[in-house]
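Look at the two complexes coming up: subunit A is in both, with subunit B in one and subunit C in the other.
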Partner chain A sequence: MFAEIFSIVFQFADVFAFLVLSAAGLAIIFGMMGIINLAHGEFITCGAYVTVIGVQHGLPLPLAQALGVLTAGLIGVVLERTIIHRLYNRPLDSILATWGISLIITQGMLVTMGSSMTGVGTPEGSFQVGEYTFSTYRLVLFAAAVMAMIAIYVLFMRTRYGVQARATMQNPQVARALGVRTPRIYASSFGIGAALAGLCGALYAPTMTLIPTMGITFIVEAFVTVVVGGSNVLIGTVPAAMVLGVIRTSLNAWQGQIIGQIGMLIAVILVIRVLPEGMSGWLLRRKS
Partner chain B sequence: MLGKLKALNGPQTIGNGRAFWAGFAFILILVLVYPMWADPYDVGNSAYFAIWIFMALGLSLMWGYAGIMSFGQTAFFGLGGYGYGVIAINIGATGGLTLIALACAVFLAAVFAGTLGYFMIYGRVGGVYFGIVTFATTLAFAAFLHQTAGPEWVIGKARLNGFNGMGGMSLLAIPWFDGPIYLEDMALYYFVVLLLLVVYLGLRLLVNGRFGNVLVAIREDPLRAELLGYDVRKYQLAAFVLGSALAGLSGVLYTAWGQFITPASMGLPAAAMPIVWVAFSGRSDVTATLVGTFAILLAFQTITIYSQQYALILMGSVLLATVLFMPTGLMVEAGRLIRRLHGWMTTRAKGSAR
Partner chain C sequence: MRLSILKNCLGALAALAMLSAASVAAKDKISIGLLEDVSGDIALMGAPKLNGTMLAVEEINKAGGIMGRQVEVTHLDPQMDNARYQEFARRLIKRDKVDVLIGGITSASREAIRPIVNRSDTFYFYTNQYEGGVCDGDMVSTGAVPEQQFSTLIPWMVEKFGKNVYIIAADYNFGQLSAVWTRSILGKLGGNVIGEEFIPLGVSQFGQTIQNIQKAKPDWLMMLNVGAAQDSFFEQAAAAKLNVPMGSSIKIMLGFEHKRFSPPALTNMHAVANWFEEINTPAAEDFKKRWHAKFPDEKYINDMGYNAYVTVYMYKMLVEKAQSTKKAALRKVIATGDACIDAPEGRICIDPKSQHTSHHMRLISVDGAHKVHVTKDFGLIKPYWLGEVGCDLTKHDPKEQYDPNHLPKK
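For the complex of A and B:
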């Protein structure tokens, strides 16, 4: 009996980690700047590719993963400084711009790196509960998701940067008047969002086939989580991932992966009908 | 009659003057006589380009006029295409049955758009969220159809066939006295051109009429429009359903043209294409969308012959460049330039006459 319950919890944790990790970067960029970054999937791909290339050059996996996160973050900052910052007063145009960038990157990678790349295998190790065997790496993913959330909490609630970032998010004019360098805040927030996307790619790289279009695997879940969660990462993305995780896990168990994905989408359309501002909007309204 | 024709012109379209309509008539005649001397392959190709324009016109209506941003028009394209395939395979092609399949498939796309649109528009989901949900919808559709390769995925006689794509549906056929006319090559060309003419003129009537004026009022300021007493949601839903039905029509024509459709037509990068065409052309004008979409499709195909990846890189760059340097769209800018030149020349002519 315990084994069955553990198995269900394990599957839920797996889905939860997937949703949180794939959505966190998107949610930060959306929450800070109101931009839905359609090149999000490409940042994930970037993190995964750098990780695998690092491992192939002899780096240990965690170091290669850190390198992947760093690279994605740096590319994010560069992109923000060159293109995105021109479009802050036109949020819809910035979405189109990121979509254009996404097309260029994916197809450019197909041209330069070929249609697939040899991956690195999932780190071995498993443990047994009852008669079921579970992969340890999946637990690592869950732990990483929880740690990423804690890190975001500390960064935004306990540091000087966090205060300035939240001030910029609430009212950029006043923040600027009080001496916050808002362009720098925007650039670093975009970088952090991109780095989190890179983290997602880096963590899932050992479990997947590496193809330039691998970002697609994540973006539907990422968008859906952000739409349900609303613009606040901490009180939006986490509860959204929990609710969607429950829906997804039960549908997966009942009818399989694809029904799980479609059921999640239907759930989103229903949720959005009732809570147009997402869960964080709803929670904030209840508080005030 | 003349009053009806006047209704084609108005503030919501760029080309209104006598010069525009003279040019329009001239181009229409060119389009009609073009197959007489052109290579049959090129004629078929032009028909193929024209097939996509319906989807672009629908997006222009929704996005450019009503301000609803949908990233997932390919969902309705695919629904129309698969709908046509399934119905045509099941009921066959005798008599006018393929035309009934066409109508049913477009209706199917419209009903789905109505359902999805109801939940979002009546839930006051606007802007970015609308784009994201439609985007996720088309990707989920693609993913769903991708895994329907097994023999258990069958609707009546029609196998969905997963990522291999569904084939074997009939061409569109128009019943005629001595047997049906199958719409391919030249016949398809004239059919699509006629349909495009009807849709284009119909959209002009619509956007220059009361409906279009209200749509533009909503786009400019939804709150103001609502305070003036218009039910904003009703108008937006109508625009969304109409635009999506046009995407469905594109899907039907595409499937009937190639007798084939795959889930890739709903996934990425396909979903980005209508956005690129309409943004590049200028979403706020149907004429600009029509001309621009045709031009960009022609360019895209020319490059695709060498490399599909390079063609898609070009599409991405076009989108980026449009957003950065010409947000209203190239064709709309060109139209405005022509109008300014024209105005400048007429005032000069008047001045010198004095």
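For the complex of A and C:
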């Protein structure tokens, strides 16, 4: 009995981690900054590839992962300064531009680095509960998801930078009048979002197939989590991932992956219909 | 004045003559229309298919072409999109008027373009191993089919590991029909399918599936998962110490998972194949040497790439015997039962009843260091199933796909 309950909790934690890590970067870039970033998956791929290349060159896995996060973040800053900063308040144009970037990156990687890469293998370690064995690394993923959420919350709610960033997103003119260097805030926020996407790729790299289009597997989960989370990503992402995680886990366990995926997407439609402002809008309304 | 008109007329005539000469020269070439996915989720399997065709065409052209005519290839990349497959098939057949259409990876893409082929006079070659059963006079299948892969693998797996099987399959026609085959063959051996999961394409997380398997405690797994995302199963199962033997009709020789994942993810995987890069007969070694000379960056020569290579030679043999590129003439050659070539795997023939190909089948097993061993040699196996259940393309052409649950009406 304990094994059954543990297994259910473990599966929920696993799905939750996948949703949160997929969505974290997009929550900032799309949720806060309003850029519908269709190149989100490519930042994830970037984090994964840099991690694997790092390990193949002898770096220990955690260091290679840090390098993956950093690289994705830096590429994010460069992209923001060269292309994205022209597209604020132009949502349709930003879709087209980021989609173009995504195509260029995936095809560029296919041409230069080949159609697949050899994986590095999941770090050793497993434990047994009842008749089930689990990979310890999946717990690392869950812990990382929780920590990423806490870090985002602290950064944007408890630091000076966070106040400036939120002010810039809400009213750039006034923020600028008060002396905030808004271009720098935009660039760094986009960079943080890209770095979080890179973190997702870096963490999942040892557990997945490495191909140039691997980021696409995260895209649907990322967007639905952010949309269900609603406009305030700092409050919305975690409850969104929890709700979707519970629905998906129970349907997966009950009827398999097909129904799990269909059920999750139906839930998304229902949430948007009933709560157009997402989870965060609903939570804020209840508070006030 | 008159003279100049005459001159102009003559000039125009000469130009016309040259033009038609040029078009004769262009027609003189034999054109192959090729549809292979070299970008997208299955690019890693499609790229060797393109390379295999190009290698064969280059060799044939150097040796004087087909009936003295050079061969040219028009390749389009449908990117695993079935709508694009249909659009490109129409374009190659109607606009480019290719002599023969080759290609397609997934069974979904094959079934998407088969109706278009049926409405044309173009012969179509499908070069992949697949779930079998297509009885269509407009198509030749050069890959392996279930009687060559499942009827050999499943009895061996049952004898070696046991009767309780868990099936994991991609949720589209290939996965569904291959699961039907597994059930049918297992049933005759007294085995049971104790669990069955169909996975949507693109799913990459298998935590729940792994636990379902641990709960069901099967003797072995039938792995019919497709695409790069679903291959993540192997890494995640190994990390969770699942340690259950696996059988498959598409792993190792096709997606070279043992090269893409680090050990021990593919340990104890067994498959039956007509080609895998580790074959070391002299003919195979010679073929591999030529391939790697032309494509030094190729990670693995998979069975799809090999079949694509062999298919061009198969076509050459048919055209030269028929002295024509017309479909009817080529089918007459196949109907004689003497449509064979010496391929790197050995001598293989097209079966007149089903227009499928005989193959030399070997059972391969992957060890803990991801080395591939030949565990059993089945020798040459004919594609007998369609003929046995009543498909005879020399007599009638139903253009249907059959499976153990859907047999031709007698």
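Annotations
FYI, the second predicted complex is superposed on the first by the 288 of 288 C-alpha atoms of A that agree within 3 Å, B and C clash if a C-alpha of one lies under 4 Å from a C-alpha of the other, contacts with A are read in each partner's own complex, and residues count from 1 in each chain.
Everything that follows uses one rule, which is that a residue touches a chain if its C-beta (ideal position, glycine included) is under 8 Å from a C-beta of that chain, and two chains touch if they have at least 3 such contacts.
Source: prediction; values computed, not measured.
After superposition onto subunit A, the partners subunit B and subunit C occupy overlapping space and clash.
By the touch criterion stated above, A:Ile216 is placed in contact with subunit B and with subunit C alike. Of the two partner chains placed by superposition, A:Val52 touches none, neither subunit B nor subunit C.
Look at A:Ala97: by the touch rule set out above, it reaches subunit B but stays clear of subunit C. Residue contacts after overlaying the shared chain place A:Thr249 against subunit C, while subunit B stays out of touching range. By the document's definition of touching, both partners, subunit B and subunit C, reach A:Ile258. Contacts of A:Phe10 after superposition: subunit C is touched, whereas subunit B is not reached.
Look at A:Leu21: by the touch rule set out above, it reaches neither subunit B nor subunit C.
Contacts of A:Ala202 after superposition: neither subunit B nor subunit C is touched. Contact with subunit B, but none with subunit C, is seen for A:Val274 once the two complexes are overlaid on the shared chain.
None of the stretches 40-48, 112-120 or 220-228 of subunit C clash with subunit B in the superposition except 112-120. Residues 106-107, 110, 213, 216, 258, 261 of subunit A lie in contact with subunit B in one complex and with subunit C in the other. Contacts from subunit B toward subunit A in the complex involve residues 69, 116, 119-120, 122-125, 127-129, 131-133, 135-137, 139-140, 143-144, 147, 267-269, 272, 275-276, 279, 307, 309-310, 312-313, 315-320, 322-324, 327.
Against subunit C, in their complex, subunit A makes its touches with residues 7, 10-11, 14-15, 18, 106-107, 110, 114-122, 126, 131-135, 137-138, 206-214, 216-217, 249, 252-253, 256-258, 260-261.
Within the complex, the subunit C residues that touch subunit A are 38-41, 43-44, 47, 171, 197-200, 202-205, 207-209, 211, 214-215, 217, 228-229, 231-232, 235-236, 238-242, 259-263, 265, 297, 299. Interface residues of subunit A, counted against subunit B in their complex, comprise 30, 34, 36, 83, 86-87, 90-97, 99-104, 106-108, 110-111, 213, 216, 219-220, 223-224, 226-227, 258, 261-262, 265, 268-270, 272-274, 276.
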